[in-house]
Amino acid sequence: MSTKLEQAVHALKEQIDAPVASFLSSCVHCGMCAQACLFHTETGDPKYTPILKVEPLRRVWQQEYTFWGRMKKMFGLAKPITDEFLAEWEELVYDSCTMCGRCSMVCPVGNDITYMIRKTREGMAVSGHVPDGLVGATTRAVTIGSPMGVKFVALEAQIRHVEKDYGYKVPVDVEGADYLCMLSSMEIMNFPEYIGAIAKIFDHADVSWTLSSKAFEATNSGIQIGVSDIAAELVQRIVSEAERLKVKCVISPECGHAYTAIRWEGPNLAGKKFGFKVRHILEVLDELRQEGRLKTEGMKDNRLTYHDPCQIGRRGGVLEQPRNLINMVASDFVEMPDAGKMNWCCGAGGGVSTNERADEIRLKSFQRKKEQLEAVQAETLVSACSNCRIHIEDGLEAYHMDIPVISLTETLAEHLVDKE
Amino acid sequence: MTNEAFAQFNIQIGDDLTRNVQPLLHEIRHGLKNLLETGATSVIDLRSIPLAPGEEAKLIERLGHGEVTVELDALGLSEIYETQYRGVWLVTHFNDDENIVGRFIEITLIPEILKAQQEDMQDSLQQLEEELASGDDAEEIKTGGEVN
Amino acid sequence: MTELEFLSWVRGPGFQIATVIFVFGIIVRLLEIFLLGRKANLAEANGSEMSGGMRAIFSRMAPESDTMKRSMFTIVAGYIFHIGLFIVIFLFAPHILFFSDVIGFSWGALPTPVVDMTSVITMITLAAVLLHRIKDPVMKYLTKTQDYLVWLVTFLPLLTGYLAFHRVGLPAPSLLALHILSVELLMVLFPFTKLMHAFTFVLSRWYNGAISGYKGVRS
Amino acid sequence: MKKHSTGARLSSSDDTLGAALRRQGVSRRSFLKFCAATASMMALPPTMVPAIAKALESAKRPSVIWLSFQECTGCTESLTRAHTATVESLIFDSISLDYHHTLQAAAGHGAEAAREEAMKENFGKYLLVVDGSIPVADPGYSTIAGISNLDMLMDTAKGAAAIIPVGTCAAYGGIPHADPNPTGAVSVADLIKDKPIINVPGCPPIPVVITGVLTHFLTFGTLPELDDLGRPRAFYGQSIHDRCYRRPFYDKGQFAETFDDEGAKKGWCLYKLGCKGPTSYNACATTKWNDGTSFPIEAGHPCLGCSEPEFWDGGGFYKALSIPTTEVARDALYAGAAAVAAGSALGMMNRARSKQAKSEHEKVSVDDLQKED
């Protein structure tokens, strides 16, 4: 068994491909990515410059995949990759990066830095230099089935509550249903209203759907910590259930990285194309809207704005759908500056919220969101990611702001016309 | 080379080529003003200026020809004349083969070279005296020039 | 070595050496990058890789408004000196002569005073860029020795070219030789430094645009 | 140019130039004219005329020995065709040209005896003019009266007050020195390090430049101010390009592309046709040739840079200065082909390494994430 350091270098070596080599060859050290990163803009600390965070990956690339780097390494001129070096980078790679992808949008030479951070984490994870919070969450996800340690019995209890409160049936393990609806533990534990909203909307639109007792957890700690093997295992649970229940489509819940995990990384982790579609709940709802299957009544008339969760918008491609849906139920919808694909991250994605050590910087970087909200004097904030919601609520409290943060799906459900 | 010669070889002289004429005329104006105000003379050596084909001819044309023209026979011909601008002289030295060996614009009351020189006058005086002295013999008059 | 021998060397063997290293180095590096390849994406596409990639190659020239605001100096100065370099390198008559000799065709030159002025603006901008690199906390933190080296080898051809054109300080053959030598230095260092971005930026932008384009995002 | 019989004027070498001229019946006025022409010739301002007159009056008549080695006699031709014949002849009449084997009547041992006599009489005071380069690969390549050029130069140089290599061959090796230089031709300055040397390069030099330099030495008895290549700054201080009347076209970017295009007819800049004006220092653009008629660029031909060292090997007379002298396209093509091979090999190696790394992948489980090693 090789040492953790050797494993780390090996893992990084596996990750390097043509895009990485191209990106690392192109960087001109212009510093523009720093201006796109809220960890830098809100702290002013240059060490948070995004491109620097991929230094471990860069060194491995240079020493393993470039002729001159190999020469330098041979003559002992290359900067070594040591345990201390990786230890120093742990905070940069995990605590101060949410993989929001904003830096990838501004790089003048076109470097997708986020793409490289994701890969860098593959090495960091096995090196042992990884936040305890993430290790814990990942361990729980694999052993218990959910990063928060939520078991099906807990979900069952919530389902019962919801069925009682909302009066709709919540189908579980229904074979042949069109949609398999995934949830995040946060929704189960913090926002069970989401389950009620789904039940109400799908009943309203006559959608055939189900939950699965074996795979209800959509989040994927393997992606956040950066272990593809674990991520693949977690994805595989969903794939197996989707195949067992013969659904046509798997719905990713109001969670950012879950969407990336199952929609974009999923097939690549599983090593095959899926026999079913994967859609975000907002995509499904917008499809229903287009088909005229959603009938709403009443409008929210307070000033409402939408926070684009990074993994759903910028990194996911779901940008228009939420706006279409909001316009059905809000009369005073305003966009924050930089909304859409250039939106600023809430500051808690990419595993940062799971990492208690990062609490301080997470709240500090929230200033960015605060300024965005103040710029439009929003009275209500709507979003589509439980993780964003929890952190934004946390941040608003810390900055003594009183803006309710609501779920788009839930808001839509509230405005549905009662079925005759 | 004259402008006619250029025309003969189908060489075109654009107006934009002749950039030296105007500045030179300005320099001459300065020199003339200076001469009037302080009495200081000045000389422009046309050979030290990178003139484009036809520029010298153009300058001379602009200067025109005034009242005084002098020919000098000293180691070849020299042609000196006052231009239409009084006090501005064009001095051209030729050698025996009638090639120009120097061309100057002098701004002065009278070009230095026209004045009789001390040494020459002394020589002449001596020569005249000798001639008068030998005039008594009166056979043959030897003309000066060859001193040795 | 007399200065004309020096000039002969830089125009002859020196340029040969520089050309070989330049061309060889760049092609090797591009192949090193390109041949690494990447995995096929198995996820269902929500857009076109190709159009996203092609789009990004050009769209990255127009920064978003927030980026513009936050990195105003870098962007504006970057624009000026890149365009300046382009004009000075490719639109100066003697340079075009060089290119037409090498590649067999030529194009129109800009009037020399325009190029002259451009080179001054470019040098001033590069000086400002250097100052920014030294002063700005992020730039300072990012900067490695190579960044200064690359700055220098980019600046030197401009400076020596300017001096050679105006014939300042040294006899003309020496100035011309120094100018060509500085260009050779640039060519030799090119494949081993971040100067490679002049070629790889196309690849990088394409990959970036393709990754996003596949997901239906215009990056 | 007078042909001198051997040693005829050696006795009068102590005369001053002023006395010599007066003896010839040159009037003061003629002398002033001569001085004005001389100042112009030496590229000195007209205000220097009185000083020149004064200096010339008291200048001593030096003895001059002229040695011709590997040369084409073009330099001598240039000098004897000097258009200011009268003025120059004045100077040459007043110098004591004691040895010039091309021009002198005597030949063979008689001539050599004259040289030796002149050397002995004026040891340490005579001017040595040299045209042609000196072969050192084998002294037998060029001999005069059985004496090799090298020996003759070294011998004659010993007693010289100063040496004036005339023409590019003597100054820098010139055409005999051009690649592959079969005779091992070298310049005077390559061989002699302990004497003042005033190079008067050009192929040939402008006649008045030759006489101008001689006159300067004669007039002031000092060496003129020299540039790095040992040339008098008065004549070689500025490049052809700097003094070229076609310079405005260069600045405007208007170039003749061929010898018969519209640009050529309009007299545009000849840079693209290979003009070496920017790197060549000479007085052609102002002094001009043939009675001040014209100079090569005025005649529509690019400057060859004949007053510069290595001008013959400078990479083609018709190749623009900014173009490398070697075949860059060919080099680039070869380098490119080699790079495709090498790059493919390295690229495939990279690929293999990446593949190998993936194949050696050890599956990571949650146990591996625990902190204990």
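Order as written gives the chain letters A, B, C and D; numbering starts at 1 within each chain.
The criterion applied here is as follows: a residue touches a chain if its C-beta (ideal position, glycine included) is under 8 Å from a C-beta of that chain, and two chains touch if they have at least 3 such contacts.
Remember, it's a predicted structure, so these values are computed and weren't measured experimentally.
Touching subunit A and subunit B at once are the following chains: D.
Between the interfaces A-D and C-D, more contacting C-beta pairs are found at C-D. Look at the CA centroids: the one farthest from the centroid of subunit D belongs to A. Centrality annotation: C (chain centre taken as mean Cα position, compared with the mean over all protein Cα atoms).
If each chain is reduced to the centroid of its CA atoms, subunit A and subunit D end up 77 Å from each other. The distance from the centre of subunit C to the centre of subunit D, each centre being the mean of the chain's C-alpha atoms, comes to 40 Å. Mean C-alpha position of subunit B lies 33 Å from that of subunit D. Chain centres here are Cα means. That of subunit B falls 60 Å from that of subunit C. Multi-chain contact residues of subunit A, defined as those touching 2 or more other chains: 16-17, 65, 67.
Of all residues in subunit C, those that touch two or more other chains are 28-29, 32, 34-37.
Looking at subunit D, one finds that residues 346, 350, 354 touch two or more other chains. Chain pairs recorded as touching, per the definition above, are A-C, A-D, B-D, C-D.
Interface residues of subunit A facing subunit C in the complex, by the touch rule stated above, are 16-23, 25-32, 34-36, 40-41, 44, 46-47, 49, 51-52, 65-68, 104-112, 115, 263-268, 270-274, 277-278, 313-317, 319, 337-338, 341-342.
Residue ranges of subunit A in contact with subunit D, taken from their complex: 2-4, 7, 10-11, 13-14, 16-17, 64-65, 67, 125-126, 128, 130, 132, 135, 138-139, 142-143, 225, 227-230.
Listed in rising order, the residues of subunit C touching subunit A in the complex are 28-29, 32-39, 41-44, 46-47, 56-57, 60, 63-64, 66-67, 70-71, 74-75, 78, 136-144, 147, 192, 194, 196-197, 200-201, 203-209, 211-212, 215-219. Those residues of subunit C that touch subunit D in the shared complex are 2-5, 7-8, 11-13, 15-16, 19-32, 34-37, 93-95, 97-98, 101-104, 109-113, 167, 171-173, 176, 180.
For subunit D in complex with subunit C, the touching residues are 172, 227-229, 239, 241-242, 250-253, 255, 271-272, 278-279, 281, 308-311, 313-315, 319-326, 328-329, 331-332, 334-336, 338-340, 342-344, 346-348, 350-351, 354.
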